[in-house]
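Let me give you the structure first, and then I'll get to my questions.
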Amino acid sequence: MMNEQAPTDRLDRVIVPIRVRYAECDPMQIAHHASYPVWMEIARTELLRAQGANYRDCEASGVFFAVARMNIRYKRPARYDDELDLEVIGLPCEGVKVEHRYRLKRGKELLMTADTTIVCITGEGKAVPVPEGLLP
Amino acid sequence: MMNEQAPTDRLDRVIVPIRVRYAECDPMQIAHHASYPVWMEIARTELLRAQGANYRDCEASGVFFAVARMNIRYKRPARYDDELDLEVIGLPCEGVKVEHRYRLKRGKELLMTADTTIVCITGEGKAVPVPEGLLP
Amino acid sequence: MMNEQAPTDRLDRVIVPIRVRYAECDPMQIAHHASYPVWMEIARTELLRAQGANYRDCEASGVFFAVARMNIRYKRPARYDDELDLEVIGLPCEGVKVEHRYRLKRGKELLMTADTTIVCITGEGKAVPVPEGLLP
Amino acid sequence: MMNEQAPTDRLDRVIVPIRVRYAECDPMQIAHHASYPVWMEIARTELLRAQGANYRDCEASGVFFAVARMNIRYKRPARYDDELDLEVIGLPCEGVKVEHRYRLKRGKELLMTADTTIVCITGEGKAVPVPEGLLP
């Protein structure tokens, strides 16, 4: 699927390494399911950075990204100290939203797929168009 | 929707109070989106308890519930110290799965809706039928 | 020790119920040690509330409490779904600081003792005297 | 201080890079104080790894490390996306305990110092001597 993306002059995809922390695991001896959204947020931060932007600067300039929707399918468990690869792809959709898709792997094994919708808002919570420089 | 549920002799729905913790909020001054799955897990624990079961005993007897799918729609932000009501409804589906639906409110204001699929597994990760006594 | 406090017309001590969440536990099947500071923060929030103040209002008025020091002694493990009692005592010390002492119990069993120093600061991080109404 | 350590043929000190996550920060716009123990745990994992051991294998072999005491002094705040260096030093003390000391820096700026005591236990919680290969 990813290879079908038309070539662009901007990065719209990165793969981020994740090492599973002990504190992220639960009594079932696996990464707790609420740890994954935190990893997905790291991946979005790194995607922005790869595009030459910086989410800290965004917030400083009054532009915030709020998660409006999140859909996660857990396929196989991740364990403490596992080294994972989290791929994120950004897809602009409408003017004020960005959609991201995620695939988490341990080697060739697919552990999770997910997708989120982020809305661009002001500090007061008003939806605004995603700034040009931040579009994936 | 909830009122359309056929009457049963078992509780299939509870409303759990949630007080938003400071540590659950982020620099955007709102509850971080990864806090919600933790609250939803608390609601499932309390639903089981209302049904006379206990998830701690389940695990002690070798029955675990793994989250296989999670879908969350964030509608309005929750803030530090907010008092929220989280409603959860359990719906048996197939033999090894339970589906839950959630609605988070602050007073009459709807903040979030969500649904999850839980799979009943052994300690070795093998899917097994949900024990009779634990069916919602 | 607590009984030696001189009587005052203000509450300087509360006991807060804590139910251990599944997500707060780790693969050792016990509450992770980083969960305790979160519970201690809840206790400070409730101590303020018992005194008629509200930390959310404090922040809205530009007064913040930053943790400057934390010392925790873990004596016995807490487990998922345990019902605990967390006692907190507030002790004013110098003008810009408040010290708190904590005792966490499961029934009569002492699980943890701790103490923290909180510094009162402005939004810019400058230490300021603790407002009169907020002194324990 | 660190330079005064007598030379040994084993690593007793590592410096671990920490990138502050968005989810680790709070409404005060700084890393929440409960995030630091999680980073300190990562540093202990990496110290073990640098020594040729692996905490995951330890647990698999029935040896667990429980935190018995933690003392943290927060000197300056860390912020979202900051790149920090967390130094950890391991010091054997008595037979069943290991003490660690920590210093967190952003460039040359010291943000935090801390020390912890870890007790080596069995799965049943009984204190046992630290295995030879795991002594710092």
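When the chains are written out, they are named A, B, C and D in that same order, and each has its own residue count from 1.
Note that in this section a residue touches a chain if its C-beta (ideal position, glycine included) is under 8 Å from a C-beta of that chain, and two chains touch if they have at least 3 such contacts.
Remember, it's a predicted structure, so these values are computed and weren't measured experimentally.
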Taking each chain's centre as the mean of its CA atoms, the one lying farthest from the centre of chain D is chain B
Contact tally winner between C-D and A-C is C-D
Averaging C-alpha coordinates per chain, one finds the centres of chain C and chain D separated by a number of Å equal to 24
Chain B and chain C have mean C-alpha positions lying a whole-number Å distance apart equal to 28
Cα centre of chain A to Cα centre of chain C, whole Å, reads 34
Listed in rising order, chain B residues that touch 2 or more other chains are 22-23, 27, 34, 37-38, 41, 80
Per the touch rule, the chain C residues reaching chain B in their complex are 21-23, 38, 41-42, 45, 54-56, 79-81
Per the touch rule above, chain B residues touching chain D in the complex are 22-23, 25-27, 29, 32, 34, 80
Interface with chain C, chain D side, in the complex: residues 27-28, 30, 33-35, 37-38, 41, 59, 64, 66-74, 77, 125
